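Each of the next two complexes has subunit A plus one other chain: subunit B in the first, subunit C in the second.
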Partner chain A sequence: MNWTVNDLHIILVGSLCAMACALPGTFLLLRRMSMMGDAISHAVLPGLAIAFLVSGTRTSWWMFFGAAVAGILTALFTQWITRFGKVERGAAMGIVFTTLFAIGLILIKQSADHVDLDASCVLYGALEYTPLNLVTLFETETSIVQIPKAAVVIASTLLFNIIVITLFFKEFKMASFDPSLAKTQGFRPMLMHYLLMTMVAVTTVASFEAVGSIIVIAMLIVPPATAFLLTRRLSVLIATSMTVAVLSAVLGHLSSQALPYLLGLPETTSSGMMATAAGFLFLLAWLFGPEGLIKKQTGELEKPPELELED
Partner chain B sequence: MKRLLSIIPILTLFASCTKKEDIAKTDGTIVTTIGMIADVVREIAGDKQEVINLIGEGVDPHSHQPLKSEVDRIQNAGLVLYNGLMLEGKMGSVLSSRKEKGIPVFALAEGLENVELIGDQAHPDPHLWMDASIWAKVADAIGVRLSDFDPENKEHYGSRLTEYQKSLTDLHTYALMAFGTIPPDQRVLVTAHDAFSYLGRAYGIEVRGVQGISTESEAGNKDINDLVAYLVEKKIPAIFVESSVPEKSVQAVIQGAAQEGHQVKIGGTLFSDAMGAPGTYEGTYIGMMDHNITTITNALGGGVPQAGFQGKLND
Partner chain C sequence: MDLEILRETLLLERHNTRLVVLGVTLLGGTAGLIGSFLLLRKQSLLGDALSHATLPGIGIAFAVMSAMGLSGKSLPGLLIGATITGLLGVLLVLAIRRTTRLKDDAAMGIVLSVFFGLGVAILNMVQKIPGQSSAGLESFIYGSTASMVWSDFYLIVGTLIVTTAVTILILKELTLLCFDSNFASTEGWPTLWLDVILMGLVTAVTVVGLQAVGLILIIAFLITPPTAARFWTNNLKHMLWLSTIIGAISGWLGASISALYSNLPAGAIIVISAAIIFLVSMIFGRARGVLPRYLRHLKLQKKVGRQHLLRSTYEILENTQSETPLKNVPISMALLRKHRYWSKGELPKLIRQARAEDHIERQPSGELRLSESGFGEASRITRNHRLWEMYLITHADIAPSHVDRDADMVEHLLGAEIVQQLEAELELAKSEIESPHAI
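What follows is the complex of A and B.
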């Protein structure tokens, strides 16, 4: 094991990304739309294809733009299908992303089969490579402080998410738990929903571009799900979910370096281990949490607390 | 929570602070992306340079999973040589970002003189190594880069390059001779994905891929049916699988042809995007090409020795 500033940068980007995803992920969980990240990861394909057909290049900006538009459309279409097609949200997401993915495949087959145009080639970044692309924060005569460019991108996304959720906390809460009540109080739950979905789409695509897909999909789902086993108060839920996210990133990278080393195996990927660590934390919460398996076995289980609107 | 949020950036800033003179510090190693480049660099450099290759054998460059230790290696590299033309996907742009640090980084397949690339202008096919005469030009380019990188050993590299060029010429001649022994109406190479266009053009053999150029694209039904009809009509005896691509779509073609009453066999496994295991003959550029040429020739009804042109193939 060879500890360098790169490890720190990977943990930094990983933690920021985990938090940026866990925040909107909490609301997705409450709306039973956790698979949105996975859906978007497939649905970006037609966006990439159309961006390529329009621009004729595979440069990052065009690909990002196409993917972001496709991501937002996925969210919008899902909502429309849920509303007008009267199917539940999971099925609506399934309809939207498979259709979009298929359209992407057809577009590529018809017009761009001669180039390599898949998301893993032109869109997804790699968490492990983020320390290679640095920006300088400030410098003195002899020293210089640099952080990965991806950290700046994702930190901005995180900041944006924090600001939006802080500003509309009451509205989001109401819209998540009781849309009809929210409506009678003039909170416009639909608008909140579209805002949330745009947030998810932008966060997801920006994170795909910066760090790749697996960690993003995992962090949208697992930390909020873990937190949900531990608490039902919304503000605590968000805080716990972000903490679990950061813990997963830190533990994940450390174990990607240390565990294989201790076992005499070759090193493994950090992003994969971060997702695995999140799963491990979920397992712990499920076993030892207030509603956990252990409590159930020993008969100590209390009645699970109801969702609380009060804070 | 808020405390946690504020501790992270402060800690990071502390630890990200580095001395200016350390930034461009390298340990002088040469980092390459694919085995085909690493092998040529090793042939030319001999024991004068340490070469680290990132994408291992049997791995499709598109689905390479990066590791943290690679980042350390790239950061310490004194010279970075990669293929380019989007073969390495986004990794290419990551590598070229090292230029800003003053580290020499070169995309070898880009900007070659007197090489006509296949595919449309903006997005050419990146699999140049399939034509030994083009890869010889890449070897020249590697020779120039090595001499610029380490001028002290310029002569050493020059003479080793001349030696190596002889083998590459032999390889090219052998390929021309070998494919010439295949009956003309059976000179059709059907493989899983489109990685062999340069081989086809250089050595006069028609190339058909079951799926498109991307290893993730999928073959449509019509593609497979067209291909089956073609194989049956031309009575092509064999098609090929690749070490780095699943053989699912190739199996579909074989079954399709069998239903039409035409027996097609798998002619062998070819090396397309990745070479054989390190330390073996197939783990070198010449060995991998020899393997491909010999396998294709013998499966399609030509006649060359099973052991290949240097007598080193052991299957």
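What follows is the complex of A and C.
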């Protein structure tokens, strides 16, 4: 296996993206809305398609905007159907995102002749090709440091997520653990809800082109869930979940190179394997974590205290 | 011309589309039937996790069959692979939920994303295996009805018939499971196994639907028709029928339209047809639709307002006169305004309403007076209120000073039958009742 600077670039983009997703994902998990990530990442398709048909390019701000709007609409429609139709949230979510996805699919098929965008590029992304599109970070006489353009986009998203979470940490925490208390204290939990949904939508959109929605869905859910099995403190939870995210990206890319080689098969996509690696880490935590199956079997488990609100 | 072809397609008169349209219609009906139980069990998104979890199975089955020298794309083989990993995915969801602190949504999300990622990775590998054409495996993700042949049709119809038969056989048990699983398990029903059977049925429908509809959109088949049907009825049998019919109609429309226009994928048209039916149901559905519910709410509000106005008028008459029988004299707006709390603009509106119903008439002096029928109605309403108050004081141990507010909430719903029961209970038939508290 040859280790090149391309691999570094792929790992860089994958890790940044995994961290950008794991951050809002932690709060989705605490609010029991993990499936919202899945819903939003499917539902951005019509937004992308419409923006693409309007603007005609794949990298414009139009596309970003269109997809973000579609993502927020998913959250909004789900909320309306749950509230006015008195439908269970899971079912409402399922109806909204399948409908939006179907609309997107039709739009793309309709314009397939003169447009170079298909549904699979949204699902798989093109992680392998990110090293082809580089920007120069800085240049000296002896060396030149370049990083993929996708890394810049995703790093800004990560930065955006970090800033939002830091600014509204108290509000998010309160809204996640006790929405009623948050409301009586004047913290506007619904506003926090839509802010979180915006973060998820923006992250999904920023990531889709480089890494595809598979990684986004997996990193929104699996690293936070893994961390959830390892700790009961919110700050540790966030840090662990970011670490697991980076580990998944690194392990995923390595196994995408090594595993097929060992099995004697052709090489495979890094994005699929990053999701698989995240699942593998979850499995480890599930089996061997402090509340893991092994401990439960041998009866070593003491009743742990409930998750604390204080930090 | 186009319309003629559409008519023929819809009526199954065209030989080359008959198969697909019939198959997808049956699929829609069965998915609607089984999805109903999934919805009532509040597990709709489990279908999502399940359908994504079938992807690695398809890839592995393809690789294994290719390695054995068979055609990698034989449908039964691929579907067996899909069933195995699909079921494994569902069992993992149940296991994560039972053994960790993680909730439903996280358990489903983990299985969905990891299995899907794994599936994509495997498909990517096996597609590069030399000598085997794997083109078309991706149709399982987005669905394609064009590749359906007779043998696939028999497989689909056979599976659907078995699934429906099993559902009908264990209808009672499934109903119990959906409405009160705790009761079911205390009665000795094996709820875990019932859940597993339900998941098995869902898996069967999902797997045979993969090829036609695709794994992302198949879940709409399981979720949308039952949710739409739920708006129309509170009766389970009616809901099952309705959901089956809605599913079948969506499938029939979707398959027919996409058979005509090759760039309209069947799955997408099916989902959009179902979504339109859902939207109409959500607004107009007789039992739980938004509009009927709102109209019922308005009607109740109007009734409550009328009763408040008439009772207040009657109570004022009682307060201002000492001798019985009560004389129906005009009273002033000011008294009425002071008698109880009215929200802004409520009183004039209620008076307008009552005048339209001939319960209250306005005197030339500007004062209000109950009409003949209004007086009778007011005395009846006041009597019902007090009957209910007496009942609460005697049988529910509510303090006389608090009883007014409690009675206020329920009295508007007292029917003639309940009033008779109250009278019998309190032995107060036909007599006048004094208010048990100061008015």
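Just so it is clear, the second predicted complex is superposed on the first by the 258 of 311 C-alpha atoms of A that agree within 3 Å, B and C clash if a C-alpha of one lies under 4 Å from a C-alpha of the other, contacts with A are read in each partner's own complex, and residues count from 1 in each chain.
As a working rule, contacts are C-beta pairs under 8 Å (C-beta built on N, C-alpha and C of every residue); 3 or more make two chains touch, one makes a residue touch a chain.
Bear in mind that the values here come from a model prediction, so they are computed numbers and not experimental data.
Asker: What is the contact status of A:F84 with respect to subunit B (first) and subunit C (second): first, second, both, or neither?
Answerer: second
Asker: Can A:A225 be said to touch subunit B (first), subunit C (second), both, or neither?
Answerer: The answer is second: A:A225 touches subunit C but not subunit B.
Asker: Applying the touch criterion given at the start, work out whether A:V246 contacts subunit B, subunit C, both or neither, answering first, second, both or neither.
Answerer: After superposing on A, A:V246 lies in contact with subunit B but is clear of subunit C.
Asker: Mind working out whether A:S180 is in touch with subunit B, subunit C, both or neither, as first, second, both or neither?
Answerer: neither
Asker: Of the partners subunit B and subunit C, which touch A:G272 in the superposed model: first, second, both, neither?
Answerer: Both: A:G272 reaches subunit B and subunit C.
Asker: Could you look at A:I144 and tell me whether it touches subunit B, subunit C, both or neither (first, second, both, neither)?
Answerer: First partner only.
Asker: Pick one for A:G56: touches subunit B only (first), subunit C only (second), both, or neither.
Answerer: First partner only.
Asker: Touching subunit B in one complex and subunit C in the other: list those residues of subunit A.
Answerer: Touching subunit B and subunit C on subunit A: residues 105, 109, 120, 123-124, 256, 267-269, 272.
Asker: If we count contacts the way the header does, which residues on subunit A are in touch with subunit C in the complex?
Answerer: Touching subunit C from subunit A are residues 29, 32-35, 37-38, 42, 81, 84-88, 90-95, 98-99, 101-103, 105-106, 109-110, 112, 119-120, 123-124, 214-215, 217-218, 220-222, 224-225, 228-229, 256, 260, 263, 265-269, 271-276, 278-279, 282, 286, 291, 293, 296.
Asker: Quick check: in the complex, which residue numbers of subunit C touch subunit A?
Answerer: Subunit C residues touching subunit A: 39, 42-45, 47-48, 96, 99-106, 108-110, 112-122, 124-126, 128-129, 138, 141-142, 216-217, 219-220, 223-224, 227, 230-231, 263-265, 267-269, 271-272, 275, 278, 282, 288, 290.
Asker: Which residues of subunit B touch subunit A once you look at their complex with the stated criterion?
Answerer: So the residues of subunit B touching subunit A come out as 1, 4, 8, 12-13, 15-20, 23, 62-63, 65-72, 74-75, 86, 89-91, 93-95, 97-98, 119-120, 122-123, 212-214, 216-218, 220.
Asker: Which of the residues in subunit A come into contact with subunit B in the complex?
Answerer: 2, 4-10, 12, 15, 56-58, 60, 105, 108-109, 113-118, 120-129, 131-133, 137, 139, 142-147, 239, 242-243, 246, 253, 256-257, 267-270, 272
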